[in-house]
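One structure below.
Think of it as A, B, C, D, E and F in the order they're written, each chain with its own count starting at 1.
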Amino acid sequence: MLVEFGNTRVLCTASVTEGVPRWRKGSGLGWVTAEYAMLPRATHTRSDRESVKGRVGGRTHEISRLIGRSLRACVDLKALGENSIVLDCDVLQADGGTRTAAITGAYVALHDAVTWLAGRKALAGKPEKVMHRSVAAVSVGIIDGEPRLDLAYDEDVTAEVDMNVVCTGTGDFVEVQGTGESGVFARGQLDALLDLAVAGCDQLAGAQREALGR
Amino acid sequence: MLVEFGNTRVLCTASVTEGVPRWRKGSGLGWVTAEYAMLPRATHTRSDRESVKGRVGGRTHEISRLIGRSLRACVDLKALGENSIVLDCDVLQADGGTRTAAITGAYVALHDAVTWLAGRKALAGKPEKVMHRSVAAVSVGIIDGEPRLDLAYDEDVTAEVDMNVVCTGTGDFVEVQGTGESGVFARGQLDALLDLAVAGCDQLAGAQREALGR
Amino acid sequence: MLVEFGNTRVLCTASVTEGVPRWRKGSGLGWVTAEYAMLPRATHTRSDRESVKGRVGGRTHEISRLIGRSLRACVDLKALGENSIVLDCDVLQADGGTRTAAITGAYVALHDAVTWLAGRKALAGKPEKVMHRSVAAVSVGIIDGEPRLDLAYDEDVTAEVDMNVVCTGTGDFVEVQGTGESGVFARGQLDALLDLAVAGCDQLAGAQREALGR
Amino acid sequence: MLVEFGNTRVLCTASVTEGVPRWRKGSGLGWVTAEYAMLPRATHTRSDRESVKGRVGGRTHEISRLIGRSLRACVDLKALGENSIVLDCDVLQADGGTRTAAITGAYVALHDAVTWLAGRKALAGKPEKVMHRSVAAVSVGIIDGEPRLDLAYDEDVTAEVDMNVVCTGTGDFVEVQGTGESGVFARGQLDALLDLAVAGCDQLAGAQREALGR
Amino acid sequence: MLVEFGNTRVLCTASVTEGVPRWRKGSGLGWVTAEYAMLPRATHTRSDRESVKGRVGGRTHEISRLIGRSLRACVDLKALGENSIVLDCDVLQADGGTRTAAITGAYVALHDAVTWLAGRKALAGKPEKVMHRSVAAVSVGIIDGEPRLDLAYDEDVTAEVDMNVVCTGTGDFVEVQGTGESGVFARGQLDALLDLAVAGCDQLAGAQREALGR
Amino acid sequence: MLVEFGNTRVLCTASVTEGVPRWRKGSGLGWVTAEYAMLPRATHTRSDRESVKGRVGGRTHEISRLIGRSLRACVDLKALGENSIVLDCDVLQADGGTRTAAITGAYVALHDAVTWLAGRKALAGKPEKVMHRSVAAVSVGIIDGEPRLDLAYDEDVTAEVDMNVVCTGTGDFVEVQGTGESGVFARGQLDALLDLAVAGCDQLAGAQREALGR
């Protein structure tokens, strides 16, 4: 599925394989992992391909791990059974918030994959048990002293504080990552950002339910 | 620009940089190069990312080189002046003929880039001199003894002969690559395939002119 | 300097080079970066060397970037002048909290390096302006429903929530990274963890002042 | 065996292993593959070793794949049985046409290997069924408007069109690769080049028969 | 264990795994190997990490191989049984003679590992049969025409001849590596260096016995 | 030049470049380095290409370094002036003693290169000053208790002691590398091996003089 947030466009697909990596065989548990990448021209200035450079950069690794962790939080791996799902999040166009858009879109792709597995009777548990939570993510930040939701790229680079928040559909936290890019932040500011993020994620949870036809 | 041939979809973009690679500096000549890649889920079965494997595969290299060579054939590098253009061809969905679709689409992206450079008065020569030819490409093949145009993936793997042909808008050849995948081919068959390819490229040249608004 | 937190031992050194990387030359700004690594036998079970595997893993990259970002937050790069400082954090023995120990120790090594530069009159500004803040970091988590400071490795793997917090000496936040490793966390739990972390960092700031002989 | 064409010298050897790569086990089919490489001093100016650069270049890959494909065209993999043959083509001295010399020489090395396997009664079919065709290859080109056979390196770089043709001993095509290096080519020119290539391959087929003592 | 020779400090650890690499399975023989590395700040000037450079340098490889070979010389691999021991030698501080210090220290770590295996009744033979010899190593050299034992780094770089000698506890040779760094050496000089080395190793053998509590 | 010792065949070539690597510029000193490699089929059993494996192995590195060091010992780098010479030693066929054959042959190739530079008046000093020594190398070993010169491969793997010795034309040592492959060796055995090696090198020095036409 193609997720669009403002000018950010991320292609999220889920690929299902029967069976799990060797180190997990016989455990009865499934496996969910994610790979994030940017097309070279997703950004305003062309960046070199990581395949050509011969190594995946630190930022790419870090975001892939974040997406994988966030999505595993909404899946009961036992109910999934020994199936593997790879979530590919390829950024076609980037304008801030690519990692949070990827998480939000990957949830829908993952849900579709689980429904498809259910249709083939390949799950160990019931589908609603496999997907026992929804997750969505937003980026928030402080610009000119003001807390803001959904930073575009231009805002992102000038933000004093930049925070990515992953929430469940019921408003609990899965992941909170806040950085004082050019400065530090006080407890009061942190609280305001968290309020904003929770509200933003709640709205996305609604959009996800809609996309899944419920 | 997004090129679609049947179910094959390739995203072709041109990125312009002022200046040329170091080994070319001071020559007065521009540089045009191409990079081809497939998203992991472009094919029916997910393939591993080359960035994760840490090396660009032989097939990818070979196609990137073919695209670059074909596009350089339609550019007067002297008239381009010391500018570099990178053509990125990313296959979002693959159903046969991805390399020929990439060449055909990259021509349009390249033309746009040259027009943009002309608008900034950054070319050494006139734009119509820079782009002194058009190029388009098709894949043809022999299936069950019959010459065929535009093989889809299912046909491609069963083709006895598989041929990629790159032609100019005036019907000359830029590149001819024919392989007896499962068998060999006689001179008469080769001639029939070339006829078919020239006709196919001619049709694409018309579509390119249309896309460029002429 | 060798930092010890419980059974965790990290060797933190600062290396100073005159000048900055090429892309920064002439900017008048200095550069601070960090590299984190584990000896193969730092953990209970030997892990393979990344030099032998031929690539730095995602986790190592991620931690190196966190340490670098945290330390840059306490340095005025303009006052540092065009000097580069590399902070090497090598884990000799690991028992949880290696990244937060590395940040806390690297601050002291960085302070020493700046004092050494000051002694050679190589700074662009006054040393107290260069090091305008101190930083320290702790790991906190929830185990059996209880918020806890300074998780040892055994606790770390069983923690429901794991959070790394980097604070300045005056109690502001530089970085907050919280993950629901095996579960999610509510706002109230997050607040309790932050309280605990701020208090822990305050204590470390005192120890740092002592180590720096003030 | 050492192949010499003018000043081009290529060492072609065939290495036989019982069994096939894992993905092919149990298929009853054999496997033939090729690796092409140049010694650093094969060319007039020393080129860096690919082992030292840490990656096999695009050109090397492309030629290795071409050689492998061409040689598989003359082998019945079923009659070969589950044996693997690697053809190593190492260029000791290069003066144009290294890839076509490699194919022509590798055919003889392959034939010897099959005879050796026959002697050990390790083939699934009869040797003449395994090697049901011969292949040879030539490079042709257009220089100063003239079609030419067997380009030397000096000619190669100035050729307007450069074409490699692989033919069977009975004059059918296995592979046709033509490139307008500095220009394009008309259908008439292509036809003239093909005529020349077929005649050249026919002559080589005779030399191969002689080398194999028939 | 931490070995100190003058200002050289090397951390030597032995890691035991049950079983042997695949190519050795079923042979009844154990396996002993070594990995040597330097922390980036072990030397006076910081050197880049090999993990970051993406490849292990020639010098590192060479020393790792030397250590492995020397330690295998004192082990009866049959009596060790199918166990693998990896010796990690990490140089924390380097002031000449790091490879010989590593060998001398690794012997003690290896002895401890064998004793530990004996305690778990995991050896195929008796411990004193497994460790049927001791090994120790020294570096000797000629400086200003004078044979010298245990060169510090400053001496090492100015030495005319540099020699590493590995001896058993009974004065036999395991390995002799002598290089005329800036000059050549006559037979008489070689003899003098060997005398000095044998005496030095004998002294170390005593220290090793002491460290092992005998 | 092609060196043959028994069944060992090594192709040694010297490539001259004006100028030296960047780190050496302006020093007035030349540079001599060596690269050693084996063709995959040089040995009885085919070994994988290091270019395909993506890294140069430890053994290859070690031998390249040995050859480079040995050849630098016979060159006055100041008299060479700012010229670089790369010695490529490619083993076409291996039957023991490849590294010593490479050194012996590379000396002749190096001498030719220096003569060629002299002819172009590109040396800083006189040619006889540049090549102020000759070097040659042999492998010796102990088999069944007997010291032996020039081990073939079959002997090499069964040798109890294996030693490579590099000598000047006047019988001094440049490098001595002795290893107890399967056992240790006493001082008396070492002395016998050195005697044998010196005599062998002396004979080779004669052959080199002959090859150089003196």
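We take it that contacts are C-beta pairs under 8 Å (C-beta built on N, C-alpha and C of every residue); 3 or more make two chains touch, one makes a residue touch a chain.
Chain identities (UniProt): A, B, C, D, E, F = Ribonuclease PH.
Quick caveat, the model's predicted, so the values are computed rather than measured.
Novice: Among all the other chains, which ones are in touch with both chain A (Ribonuclease PH) and chain E (Ribonuclease PH)?
Specialist: Touching chain A (Ribonuclease PH) as well as chain E (Ribonuclease PH), we find C.
Novice: Can you give me the shortest step count from chain B (Ribonuclease PH) to chain E (Ribonuclease PH), moving only between touching chains?
Specialist: 3
Novice: Comparing residue numbers, which of D-F, A-B or A-C shares more than half of the contact pairs of B-D?
Specialist: A-C
Novice: Farthest chain from chain C (Ribonuclease PH), comparing Cα centres?
Specialist: Greatest centre separation from chain C (Ribonuclease PH) goes to chain D.
Novice: Computing the C-alpha centre of each chain, which chain sits at the greatest distance from chain A (Ribonuclease PH)?
Specialist: If we average the C-alpha coordinates per chain, F ends up farthest from chain A (Ribonuclease PH).
Novice: Taking each chain's centre as the mean position of its Cα atoms, how many Å separate chain C (Ribonuclease PH) from chain E (Ribonuclease PH)?
Specialist: 34
Novice: At what distance in angstrom does the C-alpha mean of chain F (Ribonuclease PH) lie from that of chain E (Ribonuclease PH)?
Specialist: Averaging C-alpha atoms per chain gives centres 26 Å apart.
Novice: Between chain A (Ribonuclease PH) and chain D (Ribonuclease PH), tell me the centre distance in angstrom, where each centre is the average of that chain's C-alpha atoms.
Specialist: 49
Novice: Would you kindly tell me how far, in whole Å, the mean C-alpha position of chain F (Ribonuclease PH) lies from that of chain A (Ribonuclease PH)?
Specialist: That gives a centre separation of 58 Å.
Novice: Got the chain D (Ribonuclease PH) residues that touch at least 2 other chains?
Specialist: Expected reply: 54-56.
Novice: Considering touches as defined, can you lay out the ring of chains in sequence, from chain D (Ribonuclease PH) by way of chain F (Ribonuclease PH)?
Specialist: In ring order from chain D (Ribonuclease PH), with chain F (Ribonuclease PH) immediately after, the list is D, F, E, C, A, B.
Novice: In their complex, what parts of chain E (Ribonuclease PH) are in touch with chain F (Ribonuclease PH)?
Specialist: 55-59, 61-62, 64-65, 69, 73, 133, 163, 168, 171-180, 184-187, 190, 194, 198
Novice: Give every residue of chain E (Ribonuclease PH) touching chain C (Ribonuclease PH) within the complex, in rising order.
Specialist: Residues 11, 13, 15, 17, 35, 37, 39-41, 46, 49-56, 60, 86, 88, 90, 92 of chain E (Ribonuclease PH) touch chain C (Ribonuclease PH) in their complex.
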